[in-house]
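The first chain written gets the first letter, and so on, giving A, B, C and D; residue counts start at 1 in each chain.
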Amino acid sequence: MVTSTIGRRIRLGLIGGGPGSIIGETHRIAARLDGQYDIVAAALSSNPERARQAALDLGIGAERAYASWQQMLEAEAARPDRIDAVAVMTPNDSHHPICMLALDRGFHVICDKPLANDLAQAREIAARVKTTNAEFCVTYCYTGFPMVRQARDMIRAGELGEIRQVHLQYVQSYLAGHDLPAGWRTEGRAGSSLVLMDIGTHAFHLGAFVTGLDVTRLCADVGSAIPGRPVDDYVSALLRYENGARGSLWVTNAAAGSEHGLSFRIHGDKGGLEWHQEEPNRLIHRRQDAFEEIITRRLGPATSEGAQRSTRIAIGHPEGYLEAFANLYTEFAQRVATRIAGTPGDDQPTRFPSVSDGVKGLAFVAASVKSMATGGWQDVERM
Amino acid sequence: MVTSTIGRRIRLGLIGGGPGSIIGETHRIAARLDGQYDIVAAALSSNPERARQAALDLGIGAERAYASWQQMLEAEAARPDRIDAVAVMTPNDSHHPICMLALDRGFHVICDKPLANDLAQAREIAARVKTTNAEFCVTYCYTGFPMVRQARDMIRAGELGEIRQVHLQYVQSYLAGHDLPAGWRTEGRAGSSLVLMDIGTHAFHLGAFVTGLDVTRLCADVGSAIPGRPVDDYVSALLRYENGARGSLWVTNAAAGSEHGLSFRIHGDKGGLEWHQEEPNRLIHRRQDAFEEIITRRLGPATSEGAQRSTRIAIGHPEGYLEAFANLYTEFAQRVATRIAGTPGDDQPTRFPSVSDGVKGLAFVAASVKSMATGGWQDVERM
Amino acid sequence: MVTSTIGRRIRLGLIGGGPGSIIGETHRIAARLDGQYDIVAAALSSNPERARQAALDLGIGAERAYASWQQMLEAEAARPDRIDAVAVMTPNDSHHPICMLALDRGFHVICDKPLANDLAQAREIAARVKTTNAEFCVTYCYTGFPMVRQARDMIRAGELGEIRQVHLQYVQSYLAGHDLPAGWRTEGRAGSSLVLMDIGTHAFHLGAFVTGLDVTRLCADVGSAIPGRPVDDYVSALLRYENGARGSLWVTNAAAGSEHGLSFRIHGDKGGLEWHQEEPNRLIHRRQDAFEEIITRRLGPATSEGAQRSTRIAIGHPEGYLEAFANLYTEFAQRVATRIAGTPGDDQPTRFPSVSDGVKGLAFVAASVKSMATGGWQDVERM
Amino acid sequence: MVTSTIGRRIRLGLIGGGPGSIIGETHRIAARLDGQYDIVAAALSSNPERARQAALDLGIGAERAYASWQQMLEAEAARPDRIDAVAVMTPNDSHHPICMLALDRGFHVICDKPLANDLAQAREIAARVKTTNAEFCVTYCYTGFPMVRQARDMIRAGELGEIRQVHLQYVQSYLAGHDLPAGWRTEGRAGSSLVLMDIGTHAFHLGAFVTGLDVTRLCADVGSAIPGRPVDDYVSALLRYENGARGSLWVTNAAAGSEHGLSFRIHGDKGGLEWHQEEPNRLIHRRQDAFEEIITRRLGPATSEGAQRSTRIAIGHPEGYLEAFANLYTEFAQRVATRIAGTPGDDQPTRFPSVSDGVKGLAFVAASVKSMATGGWQDVERM
């Protein structure tokens, strides 16, 4: 508990995620779950009245129920009991100004993905993180699942041998109907390609997180599976990783009847791993010289350190999305507490995705769009 | 949020669940998850020093970091900002004295299962709940899963027709090794039959919760699967429900290699439902005149009201054990807030298990033990 | 191939299984699949005209398209090119007279299960097999699956340690409707208890085959899940095996919406095995000290000799019920060829179920019925 | 049965598939399973001695145990009881000469896939089929599974709406080891690209069979996942179907630890279907406005005519690869019998894959290889 380190919880301010927002409640549960944060300030909506009322309903004191994020960042910067960090869960096109100001005012930042609306903005934020020396987490939340970390740890330990093939999927249905739902995602505020920005970056990052490898080139088929609509709802891509491994990716939010559909299947010289977010507590381990095994969060030496650190309850009790999300929040809190305490950090590897992971996501989007325009392979730009 | 109803969160005091206790952290996460409680007091251990330090580590104020549950109940009873409720997560044999005093001092109570160490104790607690008019929840936590509630709602709505067959399983492995682990569960503090008390009551209650039916007679094979050990680790029983339905139950904590293994499979005239706690977000619906369907927490009219009320996040994001546990806590908080506000409760059905469910669990244990002694069928005593 | 041993195929005569019979075509496919038999004679129906026409439609010569089984057994006994064996797939109540005459006329016999209509008949057949020194197979066909043999081989090799718990299920739906279908199974020709005779014996034998253990005592709940019907459609039983292992069994053909539902789950000191007939090519191996593994028919040292011998095609190609059934036929053909050749048999263990397995099935039925009548535990009679 | 139509079985001659050949025994089982063929002639090996002995071991008469396929085709052409059809299961590079001569001598032909070693050869065979008016089946055997036909029938009936997305996989491991196994597949006799010819054509045809749509353009990444080897073991491709639907394909035989891995997932406007060859009796039906359903071979109106016609045994009994393969053989036998009888064929749609399906497979191989060479999209040539 961070209370053992600094004698109090991390003070957190929220930006966005007001009434009716699913992602807002998700961030708040993630902050509450392990008792590492006190949510003491909020600017929950772009509508000043709704922003203030929503904060009061959450139990936030009237003084810190702010009407706007600008007001919150300036006011908090001046308080002696100022917040330590802000969590940003607004539409994509506002991430850049909010993060820039929050960093300038000296706050640590948790920002929802994608990091920004385009690659240039993302690089600006990354540069500002460097100059302000802040902690910064991009909530690629699926990296928080224990079995995703187990996969990463196994690959780092060489249990699959050299990685040879990567296959990523994210197959949803929320745009499968012919009529587009209203909302900022379909109103041009989501960046250059809806499906790439909204869920493509998740799948792309998941592959990089688990393998520890970056994609260097790709050839993408981006467009709409449902004819005639003005937004992208489909991408399939051929990938080449930095070590020469081949990969592919199928991401869509227009596959009628699907639910979540995020998965990876990765093969190395010795075997393969497959994971599906819809059954997150099982990791399928195919072995070239032995039968398939089903890795679970069972405690014991066979479960990796990263998986054990990310698990709260075992003996077959399932954990889910909220626990995975909370893992990022809790790891971020521990890092911030170390910074507050001024002690050297522990030597444990950081798990939560960084600002550079956010930049890479936007580079993937840019390369995919360019590949579609040219009809061939494109390099993915580096940091 | 209860803050909208009474302007503050429910004030909760914890009894038991100190350092190293899995069930303790589970209860605390359940209390924190929806932001309905402030944990302001605690007596976390039977060791006074450890009790106080553990409470401080949790961020509880020094004044309310109590050395014992007796001290906490008396001191809190005298405070103007006294706790509204206590949560009891101590070994079984202390549930009775703690609950009796807590009720006498006017607190609402959340108590871990089994309710008490025997049927007589359980009936005394139930009687005291009646005279004190307190809210009381027994944490048969598996009833909190959305798909368990979906099953219950479907059966109540007649979607399976008249219930004809019930099959319950809870197949674990934590006592599969020949050497019994140390701890109160194997040291005679767990009541007349370890396996029946520890997990048998969970499976038994799950069947009753989902079908809405009580077992009236049973014939049980209770004992140890591992020869020569002094505790029960196995029960298999033939069941007869109040409507004439036949049932069976297989519960053990000595099935080597198993993980959690709680499941039900229920058939009525029109079809059947099957659910496994290890994959809790899927409910298998077998239909006599149509193909099997897989019911999920997908929002929409096909998901029952009970399932939708118990779900925080959808579109295929998995939820787990902690969310199920938190559902009981949150429903309890809403009920307590209604009591504090003095307003008439909403007309929604209570979902969290009651003290009478706790009594029925002990009646099941008693009937099973008696059946094993006599080698034949026994009636299950009523409230 | 038996052609390599005796220069020709085994000559087989069929009794029963005429037009519209599913089990008849199943036996014929089983006989054809490996090319070990020539089906040269048949008495396919109790109606003489239908019997002859059906045989002609199968391509059997007119001379050996018999009008009755009595005619076939007498005529074939007199031919120089007489059949080697008969396959019996008539209703239960005719197994006894057919088998007795076939044995008396010197034929080897494949008989569908259950062996006879009651335990006394079964014992008479077994005695006659002994005096005639015939080969005799009872088609408990589910023992032919490679993964069932894998399980048996693993248990014999001690891979689970001492067997402690056995759980058997066979949960079907073909009598789930309120109106009983017409046919001999529901017309009193199926013996003392429909569900026990029809599918209960399958589940019971499967447990014995896989564990190598007999049940010595049981306590059964036998009756009808659907109220008011004159036949049994439900049995649940508590079992005690000869080594002290505990077991249970749930068998019904009245669970609305179910399909096949035959499965076993067995636990020993070191781990457990679970198999479902509906996904027969996977054997779940739970291990106390390692992750669960999924055993398949993959060739290689990890697959048992019994599984490899029972598999025709690998690299993940699924095999099914007909291949399992054919395994019994092919093993029987090999045994008969050895007898014809007069050479000593190979030293490989027989796999196909014997007449004594058939007797044990009827002993299980008798004990279950008696247990239901007395309301308590009963011994299962031995051979 | 064809015996009812023409009074005898179809007379079949085998070419290839001698001792040790898995595909040879597969074809023979497929021919035997339904009793529609008499295997009366064979040229089983390119080694004359082995060819003759192997035929004798199968029980084929000495006169028709041929030393070579040329000898068999010429000798059989001259017999009054000549074979009706030949089945070709030799290495790819001999398909063309064998098929051409067999057609010229007036036989109907069953040929293993791929049809030929390149597109030009394939087109020659197709032209000869036309001029000789023969029946011709290419054994894309996976189209024989009942649930594959169910999928095809549902899509033809419009149950998914317009098809929008197709995803095909065939992920095996038999070339995952660094040392290539010996054999014709890796010795240059398998055509221009091992993985495309060997399993790529299966996956490609499966997509076309189920959707009823042809691929018009593609962009492929073809090569070796294992560095430095001289054969292709990996292909991933972006596909565009004739109706505008987008698709993708991942096929490899070098994914360590995999077993079979053939699957399709197809989405239309109203829902999607997913099928895996390793669990072939389940077809997952995702529906946009209802819960997922699991379609099985259950008899009744909900199972399509094509599925019911392709099923031998139901009530949950699994069928597998050999039954699927046998479906092609049996349908071919029925067609040949109709030709022999000289009666007009029934009006039922042909199910077995035709010579034109074989040509399309080679066109897919050619386009993929060309795409890899050019680094961009290529048209797939039409018949």
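Heads up, the rule we're going with is that a residue touches a chain if its C-beta (ideal position, glycine included) is under 8 Å from a C-beta of that chain, and two chains touch if they have at least 3 such contacts.
In this text the structure is predicted, and so the values were computed from the model without any measurement.
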{"item": "Most distant chain from chain B by Cα centroid", "value": "D"}
{"item": "Contact-richer chain pair [B-C vs A-C]", "value": "B-C"}
{"item": "Distance from chain B to chain A - Cα centre to Cα centre, in angstrom", "value": "34"}
{"item": "Distance from the mean Cα position of chain C to that of chain B, given in whole angstrom", "value": "44"}
{"item": "Interchain centroid distance [CA atoms averaged], chain A/chain C, Å", "value": "55"}
{"item": "Residues within chain A bordering two or more other chains", "value": "258-259, 285, 292, 296, 298"}
{"item": "In the complex, chain B residues that touch chain A", "value": "1, 3-4, 8-9, 22, 25-26, 28-29, 32-35, 57-59, 172, 174, 258-261, 277-281, 296, 298, 312-323"}
{"item": "Sites on chain C touched by chain B in the complex", "value": "160-161, 164-165, 167, 171, 173, 176-178, 219, 221, 223, 225-227, 234, 236-238, 244-248, 250, 252, 254-259, 265, 267-272, 285-288, 292, 375-377"}
{"item": "Touching residues on chain B, where the partner in the complex is chain D", "value": "285, 290-296, 298, 302"}
